[in-house]
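Can you read through this structure? Questions will come right after.
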Amino acid sequence: MSGIFASMIDGLLIGAVYGLAAMGLSLIWGVMDVINLTHGATIALGMFGMYILFSAFPVNAYLLLIPIIAAGLLLGLLIYWISVHWVIDRPQLASLLSTFAVNMMIIGIGTAIWSTSPYNVNFTLPGITVGAYTFTGNHMAAASAAVIIALALELFLYRTRMGKAIRAVADNREAAELMGVSSTMVLALAFAIGISLAASSGALVSTLFPFTILSGASYQMKSFVVTVLAGLGRPFGALVAGVLLGLLEGAVTPFIAVSWIPLIEFGLFVVVLVLFPRGIFGRATA
Amino acid sequence: MMPLLEVSGITKRFGGLLAVSDVGFTVGEREILGLIGPNGAGKTTLFNLVNGVIKPDKGTVKFCGQDITSHPPNEVVHLGLARTHQIVKPLHGMSVLENVIVGACFGRDYLHLRPARKVAMEVLERVNLADHSDKAASSLTIAGKKRLEVARALAANPKLLLLDEVLAGLNPTEIEYMIGIVRGIRDSGISVFMIEHVMQAIMSLSDRLVVLSFGQKLAEGTPLEVARDPQVIEAYLGDPDIATKLKEKN
Amino acid sequence: MILRHPVLYIILAFAAIMVWLPLHGNNVSLREDLILVAIAVILASNLNLMIGYTGYVNFGHIVFYGLGGYIGLYLAAEKGWNLVLAALLAGVGVSLFALVLGLGILRLRGAYFALATIGILVAVQSFVANFDPWGRSTGLYVSFDAYEKLGGARHALWVTYFLVIAVMALSMILSLGIKMSKFGLGLFAIREDEGAAVVLGVNTTVYKAIIYSVSAFLPAVAGALMFYKNGMIDPSIAFEFMLSLEGIVMLMLGGKGTVIGAALGGGLYEKLRSYLLTSPKLSNFHLVIAGGLLLVVVLFAPGGLIGWLYKAVPRSRKVLE
Amino acid sequence: MKRLVLTIFVLSTLFVTAGFAQNLTVGFTVSKTGALNVDSLEQYRGFELWRDQVNAAGGIKAGGKNYKIQFVSYDDESNTKRVQQLYSRMVLQDNADFLFSPYSSSLTATAAIVTEQYGKIMLTTGAAEGKTYTLGNHYLFQMFTPGAEYLKGTLDALKAKDPKATIALVYEDASFSVAVVNPAKAYAQQLGLNVVFTEAYAPNTTDFSAIIDKVIASKAAVLLGGGHYADGSTLAKQLYEHKVPLKMITLLVAPDSDKWTELGDSAVGVMVPSQWEPQTAFKAQYGLSGADFAKAYTAKYNAPPSYESAGGYACGLVLQRAIEQAGGPDTAKVAAALNATDITTFYGRTKFSTAANEHGLQIGHAMVLAQWQKDKSGLVKQVVWPLAAKSANLVYPIH
């Protein structure tokens, strides 16, 4: 097997996890026009959630996703109530800053509890070896879990009453309210789902790499890139864009030093923003 | 004599929708040209094409003999073409006076702050807002905000003023007052090109009228000629209210 | 005009006190505290030009400070330039960079612009971390004897302190000057309604690019001075995202859009932070407290301290605006 | 009358000197949190053990006085910016008499700027990078053998075992590892060894899969590099998970820690260049023996000492001797005594360069190469190079 092929498969696997993280950001952004800056902190909480649960119940780490998703929903409702509910009708800067404030508080509390030292979740699934290259079991499991969660969300948004209400509010909040949708409840739920997605992506990452309370920040950055590539409010598009970003990383790394990747990614990010403000896969401008 | 504004063959397409199609007309010195048409006819789009907020796909706009097609709005103002908005856009966080100073500062004369303040006070007197000059722009009534829109545009010392539905949402007394302001503007030597739905007002104010329907120019002429035009009546039959008014005018 | 403005004299008095306090009794320890306060005021004041005056949230403002630090340190330490000259050139260079960048990204509005500034911060940091002449991730170091040119390290630290105070005073005077000018009026119009501003004749493209560039100048000069004083620079401390965000906290705390508010917020926040960081019980909670403070300000007092003052004592607005 | 005055004078001097032990404040920061916490804590324990032993023995006796050691220290969070603030604070507000360095080359280089600016002596340990000492300092003294020596032992061993083996250099882009790898690359060429792949990764990297794919593609048989504990342990773990067919792995710093055994199978066979190992028996001219140090350390901390711990303890020992020789804590005199130091302790020989262009650089100390090997009792760290100091034979290839 050639190097670039292996590298792209690695990229694809990790890309699914980037995509899952970005789905949370994208959903919240699209539905309520809030850029959720607690995203990174929530990802980190997902990592530590997995660490705590796995330390207490050393079963298959991927089973522990279920309680983490549930806890993420509750956390999301809490964060919504603290930082978003009061400023939802104010200019975007207000929610940007209020969610950032909550982010600082979460990071502060997390630092007080866990310090900024690295932690590990010591759970390993057997990998698959093809030629000289081995793909770890954890990467494959994490990528599969990400895709399953993404599909579940897609089903929820398109097949259930509540999901349809969320999409209606995303399209036009006033119209949805006129049609009897309680927008506060829908917004709170969408936010909670977004946070839960972020937390579960954090939990998946924690099974792959060591992490600190600050690790969420870099995945938050990646989520921005992915969300902008995908276009706002398109959660499943975010998954696809995440996978593409992973593939891009995989395709590029054989030829340049890995340390150049952020420059390429974020340079691309700025260029896409300026040239295609609605995302490469976004809807055409009206 | 050369017309002040000369628009020819202007066309704009949004996706599959032809918003403005091959429209041409002129506005002369000291003239009031009215622009009417059913909702969605492309009137505001036409304004946006004239002052450069959006760029046309085809056609030209000439102002004082100079081609200003696709010039950005801020340059168009410097040349002496100012406008108001249908949905008022006051600078909320600033005072009424500051709003008008902005108009004077960045208008045709590009005044410094101090002379701009003087001009702004004069203009506020003209539209009877001088007593409110220190108030926040956001605290004005809708009538006040409409007058503020006009004042800001006037402060630019324009040769031609585009007024986009300055009468909409006003009560009869306020309409009467605003009509007086518009007449005064023309009498001071400024040409006016205005969109209006209040038929009686536009019929009595305008020297000539242009009728737009589905992005196309349907008719052009004096109010009387336009009102008799069978095509116009047909177009307005979809809007019986206006059709009745047109017939009354006959 | 500006000479008659009371705020000018408040600024000058503030700068004079900042100079006098540590000089009186040769209090080096106080000087080290105050230089951080001055830097906070510089960052908050210049950020205010974007957020407070023009209404554009710049999350990556720190990029100017860091790049200024790199250029300044490179010229002063590696090329042996005079410090003041190196700092000024850093300011000019970074301003030009901002001007070019601004013409591109200022087409974006609202949150999109804010996100682009984050992207730029990360991209620049990554570039510098891979840039050989600037020492990649390890950064640049000043030779210990470089300070001899300024009369030895002890003396050099005082010289850089006075220069930073001067930059601080200039930042505030610049804010005041812009606020009182026609240029400032145009910026406020952009902040309130960019669409209306352009129709009123404001050349928004040029105005935005200029203010973006101007807001880069003094932070870059300050960065050059500060990193020279610190003796080293590396990508992680030059482009600290957290510091960029804290600048926004300072501004919101003091009151965005006002000259005094930006300075007040910068000064207070830095004092609070250094107290929390060195207090053994609270050091772990400084982020929690700072975050809580920001949340309270955003939710309940969007005008910040100055906004609150204006409400409580309406006459104060007449004096300070 | 005269006699009375003299008696009072003598008595009072005696009273003052013998009656009160004075305190000497030594300041340093510890990375209690952040990426460097594992290595830094081990270094701190070395400092602490030295202080406790000195104070238990009544303090440092110099010039007829007794000086008890007290520490002032803060958490630097593994962050260079904090280091500068805290070293300023220790000099200006806490009035530290002497300073020890934080852990790691980059933090130390930053701290050195402050200590030089204020003219304070700083003994550096856990910091092998050498460039700092060429910047014209007067008060820096380095305990660690400089970076250029780190990989020489490995390369010599490789030359002896398998001169045709291909080498990949994968290292953290940080002061220390750069200072190690650049000269190692030159040395490998000098030995005629074949370096087929070189790449630096950003500090705080956690995902090495892209680099590992490249190492596999390069068909390298030997991997040298790493940086500190956090990244080095992660790299070793991922190399193992990806089943990279390597015959030799030498990583900087990380494998020296006692915590290395937590990596399980990933830990086996990995080598580390070491400043000191318990097995290296130096005849101490000053202070305790290596065996006593290891015993006291293990008793106190319930873990064997690493070379960071030994460096920390030796740092105190060398300062102690210099204060004794200087007859007190006067900065200029202690600096002179340190400049004249040439002593062998349990940690080995210590001698600082006095050349103006590299003042304080360590020129007396030598390094060994250690390897984690499996035996009946589990994982053991053995000294395998130089051959004269070996406690076991080098295992090559690992698997």
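As written, the chains take the letters A, B, C and D, and residue 1 is the first residue of each chain.
We take it that contacts are C-beta pairs under 8 Å (C-beta built on N, C-alpha and C of every residue); 3 or more make two chains touch, one makes a residue touch a chain.
No experiment lies behind these values; they were computed from the predicted model shown.
Undergrad: So which chain is the furthest away from subunit A, centre to centre on CA atoms?
TA: B
Undergrad: Quick check: which two chains are joined by the most contacting C-beta pairs?
TA: Result of the pairwise contact count: A-C comes out on top.
Undergrad: Taking the mean of each chain's Cα atoms, which chain ends up nearest the overall Cα mean?
TA: Looking at where each chain's C-alpha mean falls, the closest to the middle is C.
Undergrad: Using mean CA coordinates as chain centres, what's the gap between subunit A and subunit D in Å?
TA: It comes to 41 Å between the two C-alpha centres.
Undergrad: Let me have the rounded angstrom distance from the C-alpha centre of subunit B over to the C-alpha centre of subunit D, please.
TA: That gives a centre separation of 79 Å.
Undergrad: Between subunit B and subunit C, tell me the centre distance in angstrom, where each centre is the average of that chain's C-alpha atoms.
TA: 44
Undergrad: Measuring centre to centre with CA averages, how many angstrom lie between subunit A and subunit C?
TA: 32
Undergrad: Quick check: what residues of subunit A touch more than one other chain, meaning two or more?
TA: 111, 257, 259
Undergrad: Tell me, which residues of subunit D touch at least two other chains?
TA: 173, 200, 202
Undergrad: Would you mind writing out the residues of subunit D in touch with subunit A in their complex?
TA: Those in contact with subunit A are residues 32-35, 37-38, 77-78, 173, 199-202, 205-207, 209-211, 213-214, 216-217, 230, 233-234, 241-243, 245.
Undergrad: For subunit D, which residues count as touching subunit C in their complex?
TA: Listed in rising order, the residues of subunit D that touch subunit C are 75, 80-81, 84-85, 88-89, 92-93, 106, 109-110, 113-114, 116-119, 131-132, 135-138, 173-175, 178, 200, 202-203.
Undergrad: Touching residues of subunit B toward subunit C in the complex: what are they?
TA: Those in contact with subunit C are residues 51, 53, 72-75, 77-78, 83, 85, 89-94, 98, 101-103, 105-107, 110, 112-113, 116, 152, 156.
Undergrad: Provide the residue numbers of subunit C that touch subunit B in the complex, in ascending order.
TA: Result: residues 181-182, 185-186, 188-189, 191-193, 195-205 of subunit C touch subunit B.
Undergrad: Looking at the complex, which residues from subunit A come into contact with subunit C?
TA: Subunit A reaches subunit C through residues 33, 35, 82-83, 86-87, 90, 92-94, 96-98, 100-105, 107-109, 111-112, 217, 221, 224-225, 228, 257, 259-263, 266-267, 269-270, 273-274, 277.
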